[in-house]
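Next come two complexes, and both contain chain A; in the first it sits with chain B, in the second with chain C.
Entry: the complex of A and B
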């Protein structure tokens, strides 16, 4: 059976029919063409697929699309404004917090969630917020630097 | 591909009824963290998903008139972590919840889901064993209370019947003068799974001479289920922490527990780690009991 659902993604409403077992990350990527949210471990471990569900970070690989019916979802595609990157995205570029880029959408979304809850986190709070996201390139330092820059500006 | 059915439930009664009619085909889904992994790994292929995640009545956290801390099965780990009622009555659950994975998992994972999974390395079961919690299940015959210490029966097997839904977790009032602590060993700071061993301890001491007069403990990652050891808990009674009692505990841990060795750590090493963290948790709980102020 398919289930009719409505997803509010970055403010835009999408009505679609999904299979009950389809995960949100698959619907975002395969149905809505929003491939910014990356899919990697599919076990909730790596954090690459992190999105915001009603403002809270969650793993979209473990969230069924039908469970997100009617909810507000924010993805990396919603960060830029009028074609311009957000301050956080600019900071990631400026500090070299991006190498291969696979983990980057997850780090950006977890950083957005952190800064919305706590606009002035100290370095330890930033490190703590990132502890569930894996990056195999940067060694994390530059990611923390970028978020710290935004927190201080 | 066989089509999967999906029903979203709004009340416990509807959920119990739907589960009864779905029979063995019914798969209850709450936050979806555990089931999501099993589905992604193709270890579970649900025939009929019963989505209880929107039953608001199962999200309540409250202290009853009798002083029982009642936590709805659908309370997320993050909600437990940030609950004023939990902080005021049972700081052990705050300490434990802060150790669960990371925020994005805590935002979806529920305390009830964790208990129903019965993972030997899950954090909530270990703490609830130490606290002597009672699990309340709703089924076709009504409500049934199950002591948590009889709940975990075998590998990922609990006392919950296939026609029952976990409704709430009830933690008896903690007497004054108690202390509690949760301690977890893991190689990584977060998101560790394969390598964790954990211990929860709840103690009460005699205010005059400091003897332990009540003790509960739970252990994780040291067997096929979360473990409660009556023998070790009873052995703490009338004692005060000292090298002799910890030596005895270490011996008991090696004798009583049967950890499963894996590609990282041998069973013997896990027993060693369990003894060390059980001692640390006991010391911390005792110090808190003596200081008369639980960790907030």
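Entry: the complex of A and C
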């Protein structure tokens, strides 16, 4: 028994029939081909699947697709403007905030949410915002640096 | 959506097979072009400097990573592809009496089921060094999580549901969970060829250890323990296998060593090497954990069986349960010194839990033996290293191959010794640390040793913080109930494989429009090695960085250059690229000379121009000039330093070069909770000339934070062979809030005479000193010495004599179980 839903992803409307048990991350990745949102723990701990739901960061592995019916979703694919990197993406690139990059989509989305809510966070506020995202490569410092750069510009 | 097997869909694929093949072919070519295009080379020519080495240039691959378009293996899909899952052992050690797949065969969406019975015995076993690990267990399982059956279906869910329907009948066998039990005479022999359950045993004896201990002023002796830990790369093992219309088996996979899988697949499938192509996708971290076979052989066999693309991705839980771990170690260390603080002898007796198969156990042992006592002079040294089979998931390679554990013990003893004789922890290391001309225990003479330079960088900071902590706050007392401490530790680490040749090769080709491509087998696993190789090639050729592309990790397009592991890529492949550049320039200049009617000696490349008899040509102009001949120009370089250790005597050249460093950490211990906060951290490294400072800094920072996790929180907990914390909620990784408020990394200036433009390599090394530095800091703060890692709060409280169960329960300041967002 499938459910008809409509997802507004990065401004575009998608109508599709999903199983009631399908998670949003699976629908984004497998149905919509938007593989920028990554999946690791599927338990809401690593943050690799972080997306914005009505501006709020959520773990899309814990959300059922039908729960997001009609809501506004933003993913990493929506960060560029007219093919140009956003300042945040540019900062991640320049500051060495990305190594293997598997965690990057989640960190970018959490940073977007933070900066929209609080455009001038201090270092502690940035660190606090990142506490639900894991990165095994960078040691976090350069991720914090990159976000701090954007906050100061 | 669950369709029945064989039906409409199956028919569609059968009937339209020619069309389908053509579609797949197009899809696949596009995927490969994408994957390799992302790694290729700079899309920008932002480098206005004539130099390429030492610049913090951003990486090409990162562009795709911040856009969300990077081609990780699990992001790749093909029309009609199938998904594979494993049935895994629920027993730590058992005979398999029967495998009943009848219900699974009937399950919706299932296309194929693979068991060991279908694989000929001589093709069943795989492994990096020993070919001892069955792709699927046959008669016996040796650990919980061992794969027994692989099933492909039209969705992951269907494959999993079918797996759940498989009934395996077991007959339990005696279980062995510690190496101590494993080596008892009469213990059940886990591996048919390993008498006494010994995977590997090494002895190394230099000088007269007994006499040195008898004559010593000071002797320290303790037993140290370490727990198994997981790599926790965020991207689980994943791959896509596809047989193309020409019959070539293709595997796109997240790996550290595509050529290893290439060779294994040839043996396992019986296909000739040229009918197999393994291509590395973008890799989401590895740290030594993507160098064994997991999904590779099974997915390929299933692709051959079904003639469909097969995708396999492990779940996070499977990564924890069924892929290699850092070895669990227990060892006795005994150290002798004079009262002036000169080290005279070291004795190590090490026993290691190797798990159920060999994996990298021998490599870890070999490296640990050679690194015993490093980076200090020990005239007398005795090591006994033994690794035994148990019924645990195999232990394998992980960042530093065990050296971090040895360093934990050695650096603890060094600091303790300094305190005993009343000198600073820096001073003791200065008195004993390696300098140029020192001879290590294998007889190798060292050169270009930057250890003392790193100590000299750290010393003033240590002295200043010591004064400040003592002066302002008295006894390091910051807040009531909290005590600060400083800890120092050093590292010395050999680059490349231990004591065996491990050459790397590179080829350089040029196109008529002026682009140069470097082909090199060592893949970029997320560290930025492709960028480093690009910078080295641009420097060696003296052309603009924007002209360079790199193709790495493709078994068809590149030669086997060994794996990206052991911190070897910048050094080994960088050197190969330098040698290839020389060969390239010779051929290139000859071709230009022929066309312009001068002598090759009158042509040279200079700052992105080609100078022909003092007349400068733009590089692309010169390439156009020789357009007809460019295809023939292939610069080849092979870097194969003379590395060889005689395993019976442990004498010889262990590594072509060594990287060094000194770390200083300031921590705060909560006396009531026993918890440790890392407040400040300073790290000075000798990695030779640094090719890309921002990349190098990132490697060091990442290693330090992994080291913090290992030192304080991380451990795989097992009960009766089952891992009880196979998820991030209870396996505590360091998070952003755990990093020190101040974290400074810098590089001392050394030039390695054997390295590409003086570079050494350093990726793994930064994890090595961290646990030892933290142990020293804990002792400095609260006067106790933890002898096991992780140094959990309960253990610290217990040592302090403050332990109470209530306090332990509330010790949740750091390293608390994580809650989902």
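Throughout what follows, the second predicted complex is superposed on the first by the 153 of 153 C-alpha atoms of A that agree within 3 Å, B and C clash if a C-alpha of one lies under 4 Å from a C-alpha of the other, contacts with A are read in each partner's own complex, and residues count from 1 in each chain.
Going forward, contacts are C-beta pairs under 8 Å (C-beta built on N, C-alpha and C of every residue); 3 or more make two chains touch, one makes a residue touch a chain.
Note that the structure is predicted; figures quoted are calculated from it, not measured.
For the overlaid complexes, name the partner, chain B or chain C, with more touching residues on chain A.
Here the partner covering more residues of chain A is C.
Based on the superposed arrangement, let me know which partner A:89 touches: chain B (first), chain C (second), both, or neither?
second
For A:5, select first, second, both or neither according to whether it touches chain B, chain C, the two together, or no partner.
neither
Tell me which partner A:36 touches in the superposition: chain B (first), chain C (second), both or neither.
So A:36 only meets chain C here.
Output check: A:115 vs chain B and chain C. Expected answer is one of first, second, both, neither. What do you get?
Touch status of A:115: no partner.
For A:137, select first, second, both or neither according to whether it touches chain B, chain C, the two together, or no partner.
Touch status of A:137: second partner only.
So, A:64: does it touch chain B (first), chain C (second), both, or neither?
Touch partner of A:64: chain B, not chain C.
For A:147, select first, second, both or neither according to whether it touches chain B, chain C, the two together, or no partner.
Neither partner.
Counting only touches as set out at the top, which of chain B and chain C does A:103 meet: first, second, both, neither?
It touches chain C, and chain B stays clear.
Under the stated touch criterion, which partner chain does A:73 make contact with: chain B (first), chain C (second), both, or neither?
Once the two structures are laid over each other on A, A:73 reaches no partner at all.
Which positions of chain A sit in both the chain B and the chain C interface?
Of chain A, residues 19, 42-45, 47, 50, 57-59, 62, 131-134 contact chain B in one complex and chain C in the other.
Which of the residues in chain B come into contact with chain A in the complex?
Within the complex, chain B contacts chain A at residues 3-6, 8, 29, 32-33, 36-37, 39-41, 46, 49, 51, 53, 78, 101-105, 107-108, 189-191, 193.
Can you list the residues on chain C that touch chain A in the complex?
Of all residues in chain C, those touching chain A are 1, 56, 58-59, 61-63, 65-70, 72, 74-75, 77, 231-236, 282-287, 315-316, 525-528, 694-695, 697-698, 701-706, 727-729, 733, 735-737, 739, 743, 818-821.
Which of the residues in chain A come into contact with chain C in the complex?
Residues of chain A touching chain C: 2, 19, 29-30, 33-48, 50, 57-59, 62, 75-77, 79-80, 85, 89-90, 92-96, 98-105, 108, 127-128, 130-144.
Could you list, by residue number, the parts of chain A that touch chain B in their complex?
Going through chain A, the ones touching chain B are 1, 3, 19-21, 23, 42-45, 47, 50, 53, 56-59, 61-64, 66-67, 110, 113, 129, 131-134.
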